[in-house]
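Alright, structures below, take your time with them.
What follows is chain A paired twice: with chain B in the first complex and chain C in the second.
Let's turn to the complex of A and B:
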C-alpha cells in the first residue's frame, strides 16, 4: 500500500526541475522577484550608497528592532496612528453608506444631490489642510477629520452607483412576481449594490489611510509624522525606512481586512468553478 | 354565453399601446386595437416580426404596462397596469434569476413575493427543479450554471409558483437549437400535466407550430393580429410531430404570412415616409 502511494506521487514531483516549478507558480515567482529587488538594494546600499541618504535593507531591519519598536514613544505613536485610521474609517463607512443610501434612494434625490458629492470629491483636499488644522488643532482630531473627509467620498459615490445600476430585468422580474417596494429594496437593490459597495469600501480605506498619514506627516508634534521628520532631518535613513515600512504594513493590514470581508460577504461570486452544460445534459 | 365566459382565461379587448405623446413625431404606436380571447389551458403563441409589439401585449396582459386604451381581463379580473402574481407568472427572455441568491433561494424569494407560506417553499421549489432535471443544482449560484441550465431553472421558477397562467417572453431565444427543442418538449409535457394557460412570444416558426394550440400571427408595426392559425394536435407532443407533413404545412403557412410583414418592416426601416 505504501509503495503504491509513493509510486504514484513521487515521479511527477521529481521529474520536473525545481526552477521550472518555481517559474510556473505565480506566488513563488512573485516572492523571487521581491527577494531579487531586496538583494539589489542590499548590494547597492552596502557598497555604493551614501549612508546619510540610504541604508541597505538589513540595516533597516536592524533599526526596526533597535530604534523603532524599542522606543515606547514611537510604538505608542504607531498605535495612535492605527486608532486614528480605525476611527476615521469607521466614521467614513457609517456616514458614507448612510449618505449614499439617501442620495441613491430615488432618481430625484440623485439628480439633486449627487452632483454636489461629485464636486466635493473632485476637490484636492490637501489644499484645505491648513483650515483643518486651524479647526481641529494639532492633535489626533485633525488627523481623524482629514482621514474621514478623504474616506467618505468614494464610499458615497460607489453606494450611489451600485443602487443606480440595478438591471431593469431584475426589477421587472421582481415586480411580476408581486414584490412590494420594500421587497425590491431588500432583495434586489441592496444585494445588487454589494459588489459596488465593497469597491467603495476598498477605495475608502486607501483614501482614509492617505488622509491620516498626510495629516501625520504635515502637522503632528509627537506622532509618526514627527518621528519621520526627526529621522530625516538627522540624516538617519535606516530607522526612517523602518518607520515608513511599518506604516506600509499597517496599510496592507487594513486593506487585507477589507479584502477578506469582501470575499466572504459577496454572495454568488466565484465561489466555485463554472459548470459546463455538457457534463450534465441528460 | 355565460358558460363560454367561464372557460376564457384571458380576454384582450381593443388594446392600443402608444409609447410617447401622440402629438410628437417620435412617438411609437406599438399595438393598434388588438383583441384576443385565450381559453383556459390553451397554449397560444404570439408570432410576428421583431418590433411588432408582441412582447408589449404580453406585458399588458401581465400588468407591467398600462395600455393607452383598451382592457385586458384575466380570469374575470381587470388587469389595470398592476401585476397579478397570484394568477400570472412571467418567464422572460433572459433569466431573471438573482445572481446574489442560490437557485433554491431564488425560488424561495419568488414564493415569498407571492405570499406563499414558508412551510411549502422547499417542497414546491424542489418539485419544480426535479421537473426540469435541475434538482442537484439547488445550492449553486446562477453564475455557476450554463445559459441553458439557467433558463431551465428560470422556467422551473415560473412553474413552481403554480399560477394558472404562464406568460413567456421568448424564453428560449438565447439558447442553442438542441436545448430549445428539449425545453420545448418539456414545456409540452408540462402543459399536458398541469393544464396551465400559456401565452408564448416567439419569432421562431418551428417553435410556434410545435408548441401552440393556436398561433396569433402579428402584422408589422403597428402590431395587429393578422390571422389566427389552429394547430389541431393534442399535447404532449413528441419530436415526431415535427416530421409530419402537417407540421411543415403549418410552418410554411406561417412563413408565407410573415414574409410580407417582414418585407413591410424592412421597407419602413429603409424609408419611413413611404408607408
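Let's turn to the complex of A and C:
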C-alpha cells in the first residue's frame, strides 16, 4: 500500500527547472503518456506482431488515406453515420426534454412516473436490437430509432433530477415575494435545471453514439458495419483500425460539441465535472 | 403508506396495466403485425416451453459464465489500477481525464478488433465486457479514494493510527459507497455489453439466441428470450440497489 503522504506531496522532479515543470504538468505528462503508448504500438506492430492481426499506427494512418478516405462508398457510409447520429440526438433532446418537463412538473408526477422511467432505463436495450432491425429494416431508420431510444433516457432522468433538486429556500423566497406559479417555473426551477440538463445532454450524446454504432455493427449487410466485417474477415487490420479510428474521431467530435456548449452556456461558468461523470446518472 | 404514495403507486400499476392492455388489444385486433409483436399468450407459452429445454439453460450458462469472467477481470484490474492512480494527485490529474475521455467514446467501436484478436467464441465477449466494465469501476475507484476528506486522514494519523488501521477504518468506509456505485454500473455495463457482443457476432449465448430467433422470424420465441432478459435485469437491478442501500446505511 502506498503511503498516505504521497497523496498530498508533489512527486520528486529532476533538478533542471524546465524538466521539473514538464514533469509536474498533467497536460504534458498526458501527452507523453499517449506518445509513449503510440511508440510502443509502433515498435510492437512493426517488429513483433502478426500482420494479419495488428499493424503499427503509421500503417493505419497510411491505410486511412489509401483505403478509407479514397473509397467513396466508405466515405458516404461515414457521412450516413454522422447524419444518423445527428437526427437521433436531435430527437432525443426534443423528446427527452419534453418528457422530462412533464414528468418533473409536480411532486406527484415525479413520484408516480419517475420510477417507471428509471426502470425502463435499467433494462439492457441491446436485447431489443434484433426486434428494432426487424421493425425498421436494415436502413438508417433502425439506427436512428436505436440511437434515439438510447439517448432519450439520460436526458429525461437529468431534467427530472434538475427540477427535483430545487432548494426549498429559493422556492419559499420566491413565493413570499409574491411570485406566481409561472414566475417560479420561469425564474427559479428552469435556471436551477440547467447544469443537470447539460449533464443529461452529455450522457445522452454518449448513449446515442452507442446505440447508433451498435446497430451499425449488427447490420453487417450495409453501411459501416459491412466494411468492418469485410476488413476483419479478410485479416486486413490496417484499414479496419483506420475505419474504427475515424468513427472514434467522429464520436469525439460530437462529444466535444456538447461539452463546449455546456461550458459556454452554463451560468456561473461551472466546468463540466469529469470525475464520476457516469455515476451521477442514476 | 400515506395517501400520496398510495396514489403514485396506483399510477404505476395503471401504467403497467395500460401497457399490458395495449399489448393485448393491438395483437387481438390485428392492427400490429404478429411478426413485430406477438400476442401475450403466445409469448408466455413460448417462454414456458423455452425454460424446459436444455438449450435454454446451456445458453444462459454460457452468458452467465462470460459475464462472470469479464466482471471479475474488470473488478481486479479496475480497482487495482484505480487505487494505484488515486495515491498520487499528479497521477489523478494526468490519467483520470484519459480514462474518462476514452469512456465517452463507444467502446463498441472496437468490437470488430476484439473479434479479430479473440475469435467469435466467448473469449472476445469476455475481453469486450471486461474492457467496457473497466472504465466505470476504475473511474469510481479513483473518485472514491482521491476525493477523501483530508481532515479524516490527518485526524487518524494524529491519533496514531498505523497504515493498516487508517486503510481499514478511514479509507475503506469512506470510499465504499462511491466504489459500490462503480461496481454496480460496471456490472450492468458488463452484462449489456456481453449481450450486445453475443447479438452482433457469436456462436452461443442469450444474445445469440435473440438474434437467431429474429433471423428465423420466430417472434414468439424471440419475445420469450427478450422478456427473460428484461425480467432478469429488473431483478438484478433491485438486488443491486438494496445491496447498495445496505452498504450506505452502515
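Basically, the second predicted complex is superposed on the first by the 249 of 282 C-alpha atoms of A that agree within 3 Å, B and C clash if a C-alpha of one lies under 4 Å from a C-alpha of the other, contacts with A are read in each partner's own complex, and residues count from 1 in each chain.
The rule is simple: a residue touches a chain if its C-beta (ideal position, glycine included) is under 8 Å from a C-beta of that chain, and two chains touch if they have at least 3 such contacts.
Worth saying up front: this structure is predicted, and the values here are computed from it rather than measured.
By the document's definition of touching, of the two partners only chain B reaches A:183; chain C does not.
Contacts of A:172 after superposition on the shared chain: chain B is touched, whereas chain C is not. Once the two complexes are overlaid on the shared chain, A:65 sits clear of chain B and of chain C alike. Contact with neither chain B nor chain C is seen for A:253 once the two complexes are overlaid on the shared chain.
Of the two partners chain B and chain C, more residues of chain A are touched by C.
In the superposition on chain A, A:194 makes contact with chain B only, while chain C stays out of contact range. Looking at the shared chain after the overlay, A:213 reaches chain C, while chain B stays out of its contact range. Once the two complexes are laid over each other on the shared chain, residue contacts for A:29 go to chain C alone; chain B is not touched.
The intersection of chain A residues touching chain B with those touching chain C, taken from the two complexes, comprises 274-277, 282.
Chain A meets chain B in the complex at residues 169-170, 172-180, 183, 187-188, 191-192, 194, 267-277, 280, 282.
Listing the residues of chain B that touch chain A in their complex gives 62-64, 83, 85-86, 88-90, 92, 94, 96, 98-102, 109-110, 112-115, 133, 136-137, 140-149, 161, 179. Contacts from chain A toward chain C in the complex involve residues 1-4, 6-8, 10-11, 24, 26, 29-30, 33-34, 53, 107-108, 111-113, 115-116, 119, 122-131, 133-135, 202, 205-206, 209-210, 213-214, 217-218, 228-229, 231-232, 235, 237, 240-241, 244, 247-248, 251-252, 255, 274-279, 282.
Residue ranges on chain C touching chain A, taken from their complex, read 4-5, 7-8, 11-12, 15, 35-36, 84, 86-90, 93-98, 100-101, 103-106, 108-113, 115-117, 135-136, 139-140, 142-143, 146-147, 150, 153, 157, 163-164, 166-167, 178, 181-182, 185, 188, 191-193, 195-196, 199-200, 206-207, 210-211, 213-215, 222, 225-226, 229-230, 233-234, 237.
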